[in-house]
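In what follows, chain A forms one complex with chain B and a second complex with chain C.
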Partner chain A sequence: MPNQLLSDRDVEFLLYEVAHADKLCELPQFADHSRETFELFLTSARKLARGVLWPAYKPMDEAPPRLEAGQVLVHPVMREIWPRLAELGITCATRPYAVGGQQLPHTVGMLASGYLMAANAAAFGYAGLTAGAAHLIEAFGDERLKRDVMPRLYSGEWAGTMALTEPQAGSSLADVRTRARPAGDHYLLDGNKVFISGGDQDVTANVVHLVLARIEGAPAGIKGVSLFCVPKRRLEGSDNDCTAAGVFHKMGWKGLPSIALNFGERGDCRGWLVGQPHQGISYMFQMMNEARLMVGMNAVATASAAYHEAVEYARTRLQGRALSQRDPSSPQVPIIEHADVRRMLLRQKAIVEGGLCLLVTTARYADLGDTRSLLLLDLLTPIAKSFPAEFGFESNTLSLQVHGGYGYTSEYLPEAWLRDQKLNSLHEGTTGIHGMDLLGRKVVQQNGAALLGLSEEIAIDVAKAGGSEGAALQQAVERVGTLTMALAASGDRDKFMLHSADYLTLFSIVVIAWQWLRMTNAAAGKQGDFHDGKRQAARYWFATELPRVEHLAALCESGEASYAEMRPDWF
Partner chain B sequence: MKILVTVKRVEDWESKIKVRPDQSWIITEGVNYRANPFDEIGVEEALRLRDANAPSEVVVVSIGPAAAGAEIRSGLAMGADRGILVKHDGFLDSDAVARILVKIVEKEKPDLVVMGKQAVDVDDNVCGQLLAEYLGYGQVTFASKKESLESPEEKGKKAGLKLSADKKSLQCAREVDGGLEVLEVSLPAIVTVDLRLNVPRYASLPNIMKAKKKTIEELLPAALGVDIAPKVKVVKVEPPPLRTAGIKVPDVAALVKKLHEEAKVV
Partner chain C sequence: MPNQLLSDRDVEFLLYEVAHADKLCELPQFADHSRETFELFLTSARKLARGVLWPAYKPMDEAPPRLEAGQVLVHPVMREIWPRLAELGITCATRPYAVGGQQLPHTVGMLASGYLMAANAAAFGYAGLTAGAAHLIEAFGDERLKRDVMPRLYSGEWAGTMALTEPQAGSSLADVRTRARPAGDHYLLDGNKVFISGGDQDVTANVVHLVLARIEGAPAGIKGVSLFCVPKRRLEGSDNDCTAAGVFHKMGWKGLPSIALNFGERGDCRGWLVGQPHQGISYMFQMMNEARLMVGMNAVATASAAYHEAVEYARTRLQGRALSQRDPSSPQVPIIEHADVRRMLLRQKAIVEGGLCLLVTTARYADLGDTRSLLLLDLLTPIAKSFPAEFGFESNTLSLQVHGGYGYTSEYLPEAWLRDQKLNSLHEGTTGIHGMDLLGRKVVQQNGAALLGLSEEIAIDVAKAGGSEGAALQQAVERVGTLTMALAASGDRDKFMLHSADYLTLFSIVVIAWQWLRMTNAAAGKQGDFHDGKRQAARYWFATELPRVEHLAALCESGEASYAEMRPDWF
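Now for the complex of A and B:
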């Protein structure tokens, strides 16, 4: 059987049995939609993913972009993929009609993107970045940018990038140094950016960079950074002095170039201010939730493709015999017959499907859009980004492990997905940043209102579920509550944040247990392999992961200080 | 010109198909359905012909349960103009399908009927031929084209079927053993399409939204005056035999001997 990348049945289950996505159509902004439009769009996305993006995955992984005479050349298959991605309408599917979008709920758009990401993360990356750049202009740009640039991005005529990072300013964007000098209706930019995904390519006629830079005389730090729209070519087609200085040789996502860009080497790089001066970082942060959910979806997709590959391999690869079978002349069995292989597969299933359910849950809050839902969205975003990235990486190693020695070779795909997955714990905020975001901001802001809201949401599903799993989850949620209060009450900021990484892990385990409870609730009373598989994976998560919460909570509370007190010279 | 395209709802080949214990049919629970892929090629070709010969109209017809409306909607989302669903639950033989289609053709009076060469569920490959016979129309089966699916013509979404300047006939290449045969057929005509005619588009989101406003007319076989009592009876359905383990032969001579004496292929 060909790799299905993402399970159609699971997508259907999550949409209609767990999240009741068809009910979203009762909201005025989604009134034109129905289950029928969702299904037609998902069908198109699947076809494009399986028929066009997927066959190009390995060729693109094997022949990364190169820089020749100042121009980045990407794999030629990208020129066939790009118009089809644009034609599908994925870049502006969820955007309003007014800007050419179709007001598709994020819940559905997220899953459609998931198929494309699972098929070929790098190829989809061009579309994701373009959508992000266009959305920034839509939200903050002036009428001119909205007229001249945004539609060309949404239509796929041009592609977009996010040019944030500089050698000295990665996670710390307050240290951005690129300068912008006023020059009439535009600014002249001067500086260097690194790790700009899609920063140059030979697929689209133009590339539009959304650049963070400092206007001359701007205050230091985060409050002096502005956002600029800087096209590779100006509207009339002339060169705009943005030079690709080098291509990074990366571990994964090899089909998508990561570029070092120089702006203004000749002193003639024009940029147009997006929104107000000095607001660049806050604009970026308003887009962050969406970008982070996309990273989470990508991580789930990358783990999902590898999981399905591993299941198929385990069903067909013959090796060894049952422990009780002593006859060496008896035929070998498929490795899925070995309990340890099923352990590795079940763990992948629990991570992949738990993560996918979380993305759907989170996207639904974005669609509902009321104050309470947005608060929950805000709280869950660091989990929805970092859980799939961190646990997904483990899931990807397990897929490779199931393939044994063959998995270590590039003849098989799990090693490629493992390489791709690593990026997801790095970009859009490292896992460490998300741990600090969750504990330092999300759970404590508004006197813990978001955390309270989350416990109410979970309590509804616990009440529905009843039983020991419901009780265990309830207990874990209460433990998170008491732990958070104890940490916040300590008053010592350093001590409070000391185990933010462990806090993120335990919080993630609880949130994923909630997802599995939601899924078992939806599967209640339903027979058959699919629903039985759901119940079994839930059982696994509750039995093996949820008990870790107490251990991690005790660690957070104890003030255990091994690494805090470790001195640099001791390494 | 007006083009009628047929789209059949068939079992998705990626579903696990199991035979009912009484061997009367397959187990339909848990099976996914989709449009017959040959019919999607038909829709694509009709859309290309329409767009190259404005003003034209593409009408998608399906015969089947209410759920087959999804396959019509999918054709409308690809870009077809309107749909007709002849509602019927249960088995229909190809002859009944052809006779229902005769009535639709009489009602719609299309210049061209485009059909998949066969449906991938039962692989009968007779419906188009029967329809042409009943109508007394010319027919071209297994329509294909000279250019490859990687050619600039295909990338430019050019129709493989070529309408004559006076719009009274259609030139079609068809697949035959060892090559292509080019035929000219006067309109109205029936064309059944093969795999290498085009790569069908998928429905884009803007077109999916536009399709919501397009109409699907619903009809019943009885109202069309067609007797659909089957002339063909399904006697038994069997799964293909399971593959048995292979054997190893010591040398080429032994292989040839076995192929000659047991397999009787050389």
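Now for the complex of A and C:
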């Protein structure tokens, strides 16, 4: 059976039985839509994913991009894939009709992207970055950029990138050094960027970089960083002194080039200011929720493809016998018969489907768009980004492990997905950054309003569920509440933030338990393998993961300071 | 500063302050040795590791072996490395003088190998496999094999392999199908093996395979499997109808070929029986403790190299500022100043040095060699193999994470070590197999004598330590005892084994806590960065890991059956 990448049945379940996405059509912006239009788009996406992106995955993993005579050459199959992605309209599916979009809910667009990511994360990456660049112009660009650049990005005529990182400015974007000097209607840029995904390629006629840089005389720090639109080729067609200086050799995502870019080596790299001077970081941050949810979706997708591969392998690979079977001439059994293999599969299922449900839950808050929903979106974003990245990596590791020695070879796919997955704990904010974002900002801002809102949302599902799982989740949520208040009351910021990593983990475990409760609520009273599997995975998560919360909470409260007090010379 | 691979100071500490290896010289077999001879050997090994194997690591990772016209070609640097490994005598360092060995304690040989593995696991692999093959002949071979084959392996004139796995017989060696038909002084073999590390190469004049096969008419199952010595070239020099059919493309260990071998395609593959018919598996098992400790050492070494790389990177990489520093024009700080980075480093230190101490502790039991010590060796072997493989993989992941985006590129080394490390949870028994070995065999055999012995050993160190850490460890050991008795008393084998994975994890956490107590005992009253670091890492392990034991023990006892009762159709 071919790998289904994401389970269609699970997507249907999450959309209509858990999240009731059809009800989103009651909102004015989605009034033209219906379950039928959602399904039309999803069907096109999964067809493209399975029929076009998926067969190209291994070839692209095996033949990474190279730089020749200043031009990056990517796998030629991208020239077949790119027009198909553009035709699907994946870059602007959730954007308004006014800019050529389909005005679909994020909830639907996210899942459609999920199929494409599961099939071929690198190939989808070109589209994801282009969408991000176009959206920045749509939100903050002037009329000229919106007229001359944005439509060519959304249509796929050109591709876009996000050019943020510099050698000395990764997690600390405040330290961006690329300079911009006013020169009439444009600026002249001078500097170097690294790790620019899609930073050059031979697929589209132009590549448009959305670049963070400092206007001469700007204040130090993040309040002096501006955003510029810097095309590889200027609108009239001439080259723009923006050159690919090198290709990074990555562990995974091998089909998508990661480029070192030099701006202004000849002193004539022209960029156009996007929005107001010195507002670049705040513009980026306004886009970041979306980008972070996309990373979370990518991590779920990468774990999902590997999970389905492992289930299929475990059903067909014969090895060993039941513990009670003493006859060595009896036939070997499929390894799914071994309880320890089912453990590895069930853990993957709990992570993958719990993560997917969280992405749907979070995207739905973005679609609802009211103040309270946006507060919840904001709170859940660091979890929706980092849980799939971290636990997804474990899930991918288990997929490889289920494949035994074969899993260690590139004759099978799990090792490739494991390599792909590792990026997701690094880009769009490392896991450490998200831990600090959650504890240092999200749960405490507005006197904990977001956390209170979350508790209320969970309480509704707990009330529906009743039973021991509902009670256990309720208790865990209360534990998070008292812990957060205790930490916030301590007054010492360093001590408060000390166990931000543990806090992120325990918060994630609780939020995923909530997703499993939402799913068992939706499955209540329904029979059959699919719903039985949901109940069983929920049972697994509540029995094995939720009890970890108390230990982690105690660590956060304890002021346990082993690494805080560890001196650099002691390593 | 160049990567030190293993810390010399730590090796010295473990050998002489923790394990008192110099006292081993009181045993008759080590009477010729002294701290000086140990140091001579270790110094040679670390020089070879740092000067010769280490510079070849990246080139070998980048240019894996290939098969051309029936011959496997490996990286040419191996032709420089191999004679140096032979010259060091690493293949027979711990073997008796009588067979050309140096009769060194395993405790010392293990650490010497550790340097070589940390420098270049693939390059060391050729020697490790050759040692294993030679040792099998030494232990079970007849006089002719001991005369004609063994010395050529130990001297490095030839190389050896262990040819066990077949496409249908991986974890289940009972299902080996390769056949052997008597033909005078030899047998004619017919069959296929896969994943044969070092199964062919162009470094040595001959490759000798130690092959599991079934003599015609043998009983089914493991009781019908025999061991054969099958050279690539016969003693008189002609080819032996044993051909490399393919090269597996591995995720890591790229310098060491993994080969599919065909025996007897032309009907003339000659093998010589090693020992008695049908005893092959029991011979293999007698060698397995050693092989498994080598895998554990390899996993520690792979994590160690990555840990030292991460510490150095964190000391020199500037990024961000203290949470309290609000001036964006202040200089960026080394990332080791960030508590969350120190968390990732301290966790690596706790895993790497805890694992190394366990390997030393375990190897010392092998050296002592009395009945009780061998029982402890047997008990600890699944932990010494699987703890470094599983926790070491996490440690390698953290090393990559500390490197941020750079860690994802092959311009830096952590991603390569992460790829290498993954093999260690698979070969020489998967982690699942070791969980079953520990719970299903090691802790229950002889009415729990080994577990009792372990408790007594730990009690001695607890008594020395006193204090809260001693008390916490004592309590954890008692918890393991009551848990094990409760499980053994249940009578239902499937239920007993259900949480073997959780049991392995909790047992490992306790055993590593014991190592940290041993190290803090040895550090007691000693000042300075090194010993302070030891105390701090112990504190970390006791605060963050040991409390997990109760949750895992409760899971084992609970009969929690989510994955046991999960049906294949529910995935």
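In this section, the second predicted complex is superposed on the first by the 571 of 571 C-alpha atoms of A that agree within 3 Å, B and C clash if a C-alpha of one lies under 4 Å from a C-alpha of the other, contacts with A are read in each partner's own complex, and residues count from 1 in each chain.
Following the convention adopted for this analysis, contacts are C-beta pairs under 8 Å (C-beta built on N, C-alpha and C of every residue); 3 or more make two chains touch, one makes a residue touch a chain.
For clarity, every value in this text was computed on a predicted model and none was experimentally measured.
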{"item": "Contacts of A:T37 with chain B and chain C, given as first, second, both or neither", "value": "first"}
{"item": "Chain B versus chain C as contact partner of A:S282, first or second or both or neither", "value": "neither"}
{"item": "Chain B versus chain C as contact partner of A:E87, first or second or both or neither", "value": "first"}
{"item": "Chain B versus chain C as contact partner of A:T430, first or second or both or neither", "value": "second"}
{"item": "First, second, both or neither for A:S490, with chain B first and chain C second", "value": "neither"}
{"item": "First (chain B), second (chain C), both or neither touched by A:D8", "value": "first"}
{"item": "Touched chain A residues, chain B compared with chain C", "value": "C"}
{"item": "Contacts of A:L48 with chain B and chain C, given as first, second, both or neither", "value": "first"}
{"item": "Which superposed partner A:Q29 touches (first chain B, second chain C, both, neither)", "value": "neither"}
{"item": "Parts of chain A lying in touch with chain B, wherever the complex brings them together", "value": "1-2, 4, 8, 32, 34, 36-37, 39-41, 43-44, 47-48, 87-90, 93, 102, 104, 528"}
{"item": "Chain A partner contacts - residues on chain C that touch it in the complex", "value": "165, 168, 170-172, 174-175, 194-195, 219-223, 248-252, 258, 311, 315, 318-321, 323-324, 328-329, 332, 334, 336-346, 349, 393, 397, 400-401, 404-405, 407-411, 415, 418-419, 422-423, 425-427, 430-432, 435-436, 440, 493-494, 497-498, 500-501, 529-530, 532-533, 536-537, 539-540, 543-544, 547-548, 551, 554-555, 558, 560, 562-571"}
{"item": "Complex interface listing, chain B residues touching chain A", "value": "14, 30, 32, 34, 70, 73-74, 77, 201-206, 208-209, 211-212"}
